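Here come two complexes built around chain A, the first alongside chain B, the second alongside chain C.
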Partner chain A sequence: MIETELAIVGAGPAGLSAAIEAARAGVEVTVIDENAKPGGQLFKQIHKFFGSKEHRAGVRGFTIGHHLLEETRKLGVTILLDTKVWGIFKDLTLGISRGEEMDLVKAQKILLATGAIETPLSFPGWTLPGVMGAGAAQTLVNLHRVLPGRRFLMVGSGNVGLIVAYQLLQAGAEVSAVIDIAPIIGGYGVHASKIKRQGVRILPSYTILEAQGQEKVEQAIIAQMGQDGKAVPGTEETLEVDCICLAVGLNPLAELAWIAGCVFDYKGDRGGFIPKHTRRMETTVPGIFVAGDIAGIDEASCAMEEGKIAATAIAESLGRIKPIQGKRKIEKMGKNLNTLRSGPFGAARRKRARFLMQRGYAIAGSGLDYSGALSPGELKKIPGVPSERRMKKGPVAFLECNQNIPCDPCELACPRGAIRVGQPVTNLPVLKEEKCTGCGICIPSCPGLAIFVVDQSKKGREATLRLPYEFFPWPEAGSVVPALNREGKIVTTARVLKVSSAKAHDRTAVVTISVPKEFALEVRAIGPKPRVIP
Partner chain B sequence: MTTPRIVDHPILGKAEEGRRVSIWVDGDEIEAIEGEPVATALLAAGIHVLHYTHKYNHPRGVYCAIGRCTDCIMTVNGKPNVRTCVTPVEKGMKIETQRGLGSWEHER
Partner chain C sequence: MDTIICRCEEVTEREITEAIEKGLITLNEIKKATRAGMGLCQGKICAKLVERIVSRETGRAPQEILPPTFRPPARPLPLGMFKEHPVSHIASAKGKRRKS
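For the complex of A and B:
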């Protein structure tokens, strides 16, 4: 029998953050994970995270994973890998097995940070090889570096669907379309924009009717959804795809909490049944805490915050920190968590949740009425876009951020104080155009890749444009490439002037191109090849 | 068709040079990287059908890729119902497409 003060089940973002926080307070921690490697799903997250500085915004998920592991090592946290937890007993003992060996872990407190599993979606043909979870494709591509297909259909436009679609493009695959039964895109607009301007179609109010193929997926049939929730006859479309990814939500992995006798709540907008818990993340069974997706589906940044809250509460109850100190810390972290979840985007997310739940779907998405490509009208309303007078003067940044998502790395990136987000962190970035020199330092800082620098001041017919670029191969200076607008349509050609990538850019290249002046406000991407498939 | 392996990547860089080993799938030799999940090696070799279901004999492949759904089960070294998405490749492994519930090699 292993004895420990705190046993944490799950070595993902929530579990590791909790382990670090608790170990720092002097609690003896044992983390248990069934996988061969710790980190949970963090190591397949190769995009830069949103949030503010304390949430490590602008840092890629796998880098955060490395930081967390490094920290647990320094603190001497025990991590049992390849170890399954098969039981949980009333006296806070866990039954574990490793290979053929069984053991017990007797703990004073238990934190369940088991994460989530992807929600399946059944339709004719969904069991064919080639239909898989979006997270599964992400695992195969980003962790194991094998593409499970060449041409993909993404079902679901929440952040997972949008991000994985983008990562499939980065891995060299083609994405035929991203569809969603809801009339609005579920995830962050900036994630939608990234794939839209590469020519990927995003089709709201679309559903999948069937996956076809003999031994594996060869085609997908999609159709438009009517008001009645049924496919509109005559709108069927056959897509030549060999892989269909399902990104239709996540469900908490809460078996251990069920076994332990925790009381559950049904929260459709948080992924289904979740263990009831206090603001200190304690369940209805004293001594058992939850954090991360098991406590309701959300972003990894929220999972990390919840892990820290639970760990603080645990450290306090074990007498390692004073109650008043613990209370203050938890209040502060709770505020952080609220900020991450607040803003009009949060409200839109609830609206979308209602829409789907009225139709009988359990979901965990979010959304705004937004096509994925900013219209000229929308652009004028955004505080991050400079005035026409300023545009004529010289290079200037365009902060094409139109949703109140919790994110502020651009503010910190600007050495001249030309970008202001302020508090709350969900504010839209405001461009102080008189202070902006168009240096472009902010371009790679934006996790949404939504910052561009445009210079229309030079004489002649050409304008220069600097944009973020995360595909391979990098374009060569001097080459001529197709220039795409926000909708992903090729509108002109661009000459590549320079490709730069400093270490601090963390592999987001900044490409300088020149385009005819009349396209300066339109072109937002370049393509080595257009990624549109009929 | 080019290989499904992602050799170079804009964010992840070049793939680590793993040790190439041979494994045997239904009697055919394929190349795999030691330590990678068996299912990955099969996908890289263009093998997508991993087992056929017990009742209707329907093909199944990788679905969750994290060891939870059991759609990727195969018979590995004579042992049936092995989740190939979380089973690391070892040199000379013998993999069989599983029919239904499968059977233990020593019982056949």
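For the complex of A and C:
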């Protein structure tokens, strides 16, 4: 029997954040995880996170993972790895096992931070090799460096689908299409734009009918969805793909909470049945707390905040911090959490879209919602885009951000105060064009890669463009490459003038190109993306 | 072609809809009748699929369809664990306790 003050099940973002917070308050913590390495899903998140500075916005997920591990090491938190929790018994005791050994953990408080599992989708052929969760493909590519296919279909356009599609491109694969049964793109428009301008088709109101192949996936058949929720006959399309990724949602992994006798609530927009919990993250079983995806599906940044809240409540109930102090901390963290959850995103947005669709209302006003690309008309209305008068004067930033995402690293990046987000953090960034010098420091700061600098002021026929770039190998200065528009179509050729990246930019390069002036407002990417597959 | 729903126990969609036609509409009933969700993964994957089929066939809302009962062991355990001395001490076993 192992005795500990706080047993945490799951060493992901929620569990580790809680372990750190509790250990800092002097609580003795034991974290248990069934995987060989701690970190949960963080180490396969190679993209930069959104949010504010206090949420570590602009930092790549795996770097956050390293920070958390470093911190647990410093604080002397015990992490039992390769260890499964197979039971939870009265008096807050856990049954654990490793290999063929088993043991019991008697804790004073338990935090379940078990995360989630990918939602499956069944269709004829879904059991063929080559059909897998988008998260599974992400694990293969980013952790094990194995590309499970050459040409992919992504089913689901939420942030997971969009981000994994982009990371598949980064790994050298082709993405044939990203489809979604909903009439709008589910995830952030900026994530959609990143793959759209590389030529990936994004098809809302589409469904997968079948996967075909002898021994493995060789084709996918997709079709348009009608208003009645059924495929429209005659719209079927066969895609030559060898891998189909399913990004259709996540389910909380809550067996332990069920076994413990927790009361559950149904929250369709948060992944289904989730253990009912207070604002302090305590379930209906005294002493058992939840944090992260088990408490409702959300972003990793929210999971970390919830872990901290649970740990603070636990430290307080163990008498390590004063109630008044705990209350204040929890209130502050709660506010942080609300900030992260503000804005029109997530599953709630899809629900609203379906509701409006059924009643025949217009759903969204932006190309980012439908196609992933901003239209020229929209561009003029965005507060981050300069006036034509300013464009002619010299280099200037284009903040092509028109969704209310909780995110503000661009504001902090600008040394001249030319970018204003303010409060709430879901505000669109406003460009103060008279203060902007077009220096481009903001370009690699944007986790959505939505900032560009355009200079149309030089004499002659050429304009200069600076773009964020996250593919390897970087293009060579002096080379001539195809220039793509927001829709991913090649519109002209570009000459690469310079490729630069500072350490602080964390592997996001800034590529300077020159294009004919008439394409300066249109070109937003260069390609074709280098292929590494033989 | 009939689509497999529970991969662990190779239960098809037709077997599940037939069970529903017989009046079995909870996930526990369907599990007992068809073995869907009784395999290695204990329904972690197929429970959601069976839930959708039940919802589609019966018109019940997802919140009315409870998941099947969960019991320990929540993870597959090797039989060797139940040998003579089942309880050891993972945390104190030499070289096993990792201070991370």
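One rule holds in what follows: the second predicted complex is superposed on the first by the 501 of 534 C-alpha atoms of A that agree within 3 Å, B and C clash if a C-alpha of one lies under 4 Å from a C-alpha of the other, contacts with A are read in each partner's own complex, and residues count from 1 in each chain.
Please note the rule applied: contacts are C-beta pairs under 8 Å (C-beta built on N, C-alpha and C of every residue); 3 or more make two chains touch, one makes a residue touch a chain.
Predicted, not measured: the structure shown is a model, and the values here were computed from it.
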item	value
Fit or clash between chain C and chain B when superposed on chain A	fit
Contacts of A:Leu80 with chain B and chain C, given as first, second, both or neither	second
Which superposed partner A:Thr127 touches (first chain B, second chain C, both, neither)	both
Residue contacts on chain A - larger count, chain B or chain C	C
Partner chain(s) touched by A:Ile163 [first = chain B, second = chain C, both, neither]	neither
First (chain B), second (chain C), both or neither touched by A:Ile8	neither
Which of chain B and chain C A:Thr139 touches, first, second, both or neither	first
Chain B versus chain C as contact partner of A:Ile405, first or second or both or neither	neither
Which of chain B and chain C A:Arg60 touches, first, second, both or neither	first
Touched partner set for A:Thr72, first chain B, second chain C, both or neither	second
A:Glu34 touches, of chain B and chain C: first, second, both or neither?	both
Included angle at chain A between vectors to chain C and chain B, based on C-alpha centres and rounded to the nearest 10 degrees	50
After superposition on chain A, the shortest CA separation from chain B to chain C (Å)	6
Common interface positions of chain A, toward chain B and toward chain C	34, 117, 127
Interface residues, chain B side, partner chain A - complex	1, 4-13, 15, 36-37, 40, 43-44, 48-50, 53, 58-68, 71, 86, 88
Contact footprint of chain C on chain A as seen in their complex	2, 30, 34, 38, 69, 72-73, 76-81, 83-89, 95-104, 117, 119-124, 126-127, 251, 253, 255-256, 258-259, 266, 268, 272-273
Partner chain B, residues of chain A touching it in the complex	34-36, 46, 60, 117-118, 127-133, 135-137, 139-142, 144-148, 150, 170-172, 215-216, 470-472, 474, 507, 509
Sites on chain C touched by chain A in the complex	1, 3-5, 7, 13, 42, 44-46, 48-49, 62-63, 66-67, 69-75, 77-78, 80-81, 83, 86-91, 93, 96-100
